[in-house]
Amino acid sequence: MKNLDSVFAAYVVGWGVFFVFYLTIAKRISNLRAELDRLKNTLPRAK
Amino acid sequence: MPLIESRCRFCTRALRDTDHDPRVFLNTRAFLLRSRGAAQTKLTVDQNKLSPTGLRFESIEKRYGGLYALRRVSFEISPGECAVLAGRNGSGKTTLLRIAGQLVRPTTGKLSFPRGTPDATGSARPGYVGHSTMVYDELTAEENLLLFARLQNVESPVARADDLLREVGLYERRASLVRTFSRGMRQRIAIARALIHRPSVLLLDEPATGLDPIGITWLANSLRDLNKAGCTIVISLHGESEISALATRAVRLDAGNVIADTKTGASLRDILVYGAA
Amino acid sequence: MTKRIIFGGVAILLVIAAAYAAFFIAPEERTMGLIQRIFYFHAATAWAGEMTFFVCFVANLLYVWKRQPKYDWLSVSSAEVGLACITVVLITGPIWAHPVWGIWWTWDARLTSTFVLWLLYVSYLLLRTLVEEPDRRAMLSALFGIFAFLDVPLVFFSIRWWRTQHPQPVIMGGSGSGSGLDPTMSKVFFFSVLAMHMLAAFLIVERYILEKMKSELDFLAREVETQ
Amino acid sequence: MSLFSNTAVLLSKELRTEFRSRELLTTTVVFILVVLILFSFAISPTTEESREFGPGLLWLAILFAASLMLQPCFLREQNNDTLSSLRLAVSDPFSIFLAKLIANTLFLLLTELIMLPFFAIFYNVPVLPEFHWLLLVLSLGSLGISIAGTALSAISAQARMRELLLPLLLLPLLTPVLVVSATVTVSLFERVPIVKGKGIAFLGVFDVVFLTALWLFGEYLLEE
C-alpha cells in the first residue's frame, strides 16, 4: 500500500477543486436569483 | 476669365458657364474675404453632377450592454438635404452619426444610402468630421491630406490636397506638423480631411467646436456651398448659429429616440433651440 | 430545475463509479503500483479539459459568425470549466510524478505544454475582466480565444520536438492507440473519460445559466434605472 | 489591388512617423542592451555556457522588447481617433494590419541587427559563419512576433490596463517562436546542421497560421 497517501491526496484535491468551483457557481446563481427577484418586484412591467 | 478656375471649390468639378460667378475665381482671396465676414460668396453648381445620395435609417438600435444609445431610430434624409441633429449630451447624436459613417456597427437595424451605395471607389463614402481631428499630429498638414487622398485613390492627390489647403486657409502652414496647430486650425484640417475624396454625404459632429466666430462664418459658408453643390449634410449641433441657419431639416433626439422631426421653417427653429415640435 | 439536478446527480454518480473502478476494478500496474491509479483521474480530466477548450473554440467561432450573446456565454463557461480541469491536471500531475520520478516538476513536453495551455486560458479570462462593454468584450475575447486555440498545437509540437531532453514512455499515445494497456485498464480509463466529460458538461451548463442570469440582471437594472 | 496600394501608403506613413522621431527604435535598442548586460550579471557566463544560453537570452530580450515596442502600435491611433479615419479610408481593414506588421517587423529586425555585434562581443558567440541562416531565423521569428503582436495590440488597446495586458496576452502565445528560434540559433552557433531546416519550416508555419487568422478575423478586431 505504498503511496496510498499520494493517491488519496490527488483524488481529494482534484475533487475539491471541482467542488469549490461548483460551490462558487451555485452561490453566485442564488445571489443573482435573489437580486433578479428583487428587481422584478420593483419593475411591475417586466413579467 | 481663365477657364481652369471655373470649378467648384470642393470637388473641382467644372462649373457650367451659366454658373459663373466672378467671385469664385480667386479662391484664396474669396476665402480670405469671407473669413473676415466681408463677402458672401454665392455658388450654384449643377446638382446632378454629384450623384446625390440620401441616408436611410431603418429601426437602427445600438445597445452597449443593457444601455441603449439608440432605440429603433427610423428616418430618412433625402439627397441634398441639410439635416441638423439636435439633442442634449448623451442623447445619441454621436452614435447615430458614427453609425451613418459606418464606424459603429448597429446592434440591429439597417443603414442604407438610397441612390448609390458606398463602395470602395470613393465619393459615395461619407465624409466624417468627428470630435477628434482624426489626423496625425506627427505629420504635416499636407502629408496628412496626401495620406488620406492616396488611401482613397483620389485623382492627382497633390493638386487636390493643395486646393483644399488653400480652401481651408492652411496653405501657408502646409509644411508644419499638425501638433503645432491651434484648436481652430485643427478643426479646419479635420474638415479638409473629410472632404478630400469629394464625398456626396458629409457627416459633421459638432463641427463648430473650437472655431472662433470668423471660423464659424467660414464653416457655414463652406457648408452652404457644399450643400448647393449637391452634397447631403448631416450635422449635430447645440443651439442656434449661422450653421443651424442652413438647416432644411431638424431632427431632435432624446435618450436614443427621435422625439421631433420637421422640415418647415418655423418649427425647425423651435426644434433646434427648445426641443419642442 | 429538476433536469439540472438529475444531470448533476448522474455526473457525480459517474465520477464516483469511475473512482471505484479505478481503485477496485482496474488491475495493479506492474512497475508503478498503486500510484498509477491517479492516472484514471488525471488523464481523464486532461481529456475532458481539452474537449472543453475545443467547445470554447467552437463557441468563439460561432460568436464571431453569428454575434449572439449565447455563444459568448458558452465560451466563457467552457473556458472556466476547462481551466478548472487543467488546474486539476496540473495539481494531480506532480502528486503522481513525485513518488515515481522523485521530483515534483520536470520541464517535459507534456507538462510544459499543458502549463502554457493553462496560461493562455488564464489570460483569456483576464482579458474578459478588463473590457467593460459586453459586445466588445465578447468579440475581443472570442478573437483572442481563437488565436489561443490555434496556438495550442504549435506550442505542443514546438516543445515536443525541441524541448524534450528525455523522451519517456507514452502512457496513452494518440487517441486510439492504446498500446500496452491492459483491456480492463483501458475500459476503466474510457469509463473515467466519460465520467469526467459528464462532469464538465454539467459544470458548463451551470456556469452558462449563471452567465445568462448575469446579462438578464444587467438588462433589468438598466430598465429600472431608466424608469 | 487596392489592398496592396493601401498597404504601401500606410507603410510609408508608419516608416515616416517613426524615422522622424526614432522614439521606438532608440528605446527598444537601449532596452535590449540593458537586458543583455543585466543577464550577464545574473548568470556570469563562461564561454561554453554562453553559447548554450546566449541565444535563449537574446530571444527572451527580443520578446520583451517587442512586447514593449508593439504597445503604442494601436494605442497611438487612439489619440486623435485616427483609427476611425483609416477605417473610413481603406477598402480592406487588413491593409491597416499588414502595414503595421510589416513596419513592426522591419523595426524589430533593425534593432536586432544593431544589437547583434554587441551580443556577439558580450557573449563571445560566433555570429558571422552562419550569418545568412541567422538572418533568416531572425526575420521569420520577428515576423511571427509582429503578426501576433500587432493583432493583440489591437485587442489590448481596447481594454483597461492596456500597458500590462499586452505582454500577458502576447508572451504565452509566442512560446513556440521562443522555443524554436532559440533552439535553432543555438544549433547555428554550435554548428549542428539537423535542427535548422525543420525549425525554420516551423517558424514559417507559425507565421502563416497567424497571418491567415489575422486576415480572416482582422476586421472584427477594429470595429466598434
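Here the chain labels run A, B, C and D in written order, and each chain numbers its own residues starting at 1.
In this text, contacts are C-beta pairs under 8 Å (C-beta built on N, C-alpha and C of every residue); 3 or more make two chains touch, one makes a residue touch a chain.
It should be emphasised that the depicted structure is a prediction, and the values quoted were computed from it without experimental measurement.
The central chain of the assembly on a C-alpha centroid basis is D. Separating the CA-averaged centres of chain A and chain D is a span of 42 Å. Centre-to-centre separation of chain C and chain D, using mean CA positions: 31 Å.
Computed centre separation for the pair chain B/chain D is 40 angstrom, with centres defined by C-alpha atoms. Chain A and chain B have CA centres that are 55 Å apart. Touching two or more other chains at once is no residue of chain A.
Taken residue by residue, chain C touches two or more other chains at 220-221, 223, whereas all remaining positions touch fewer.
Chain contacts: chain B has no residue touching two or more partner chains. Applying the touch criterion to all chain pairs gives A-C, B-C, B-D, C-D.
Contacts from chain B toward chain C in the complex involve residues 63-68, 107, 255.
Put simply, chain B touches chain D in their complex at residues 98, 101-105, 120, 125-126, 128, 130-139, 143, 147-148, 150-153, 193, 197. Only residues 133-135, 218-223, 226 of chain C touch chain B when the two sit together in their complex. Chain D contributes residues 2, 5-6, 9-10, 13, 16-17, 20-21, 79-82, 84-91, 223-224 to its touches with chain B in the complex.
Put simply, chain C touches chain D in their complex at residues 64, 116, 119-120, 123, 126-127, 130-132, 136, 139-140, 143-144, 146-148, 150-151, 154-155, 157-159, 161-163.
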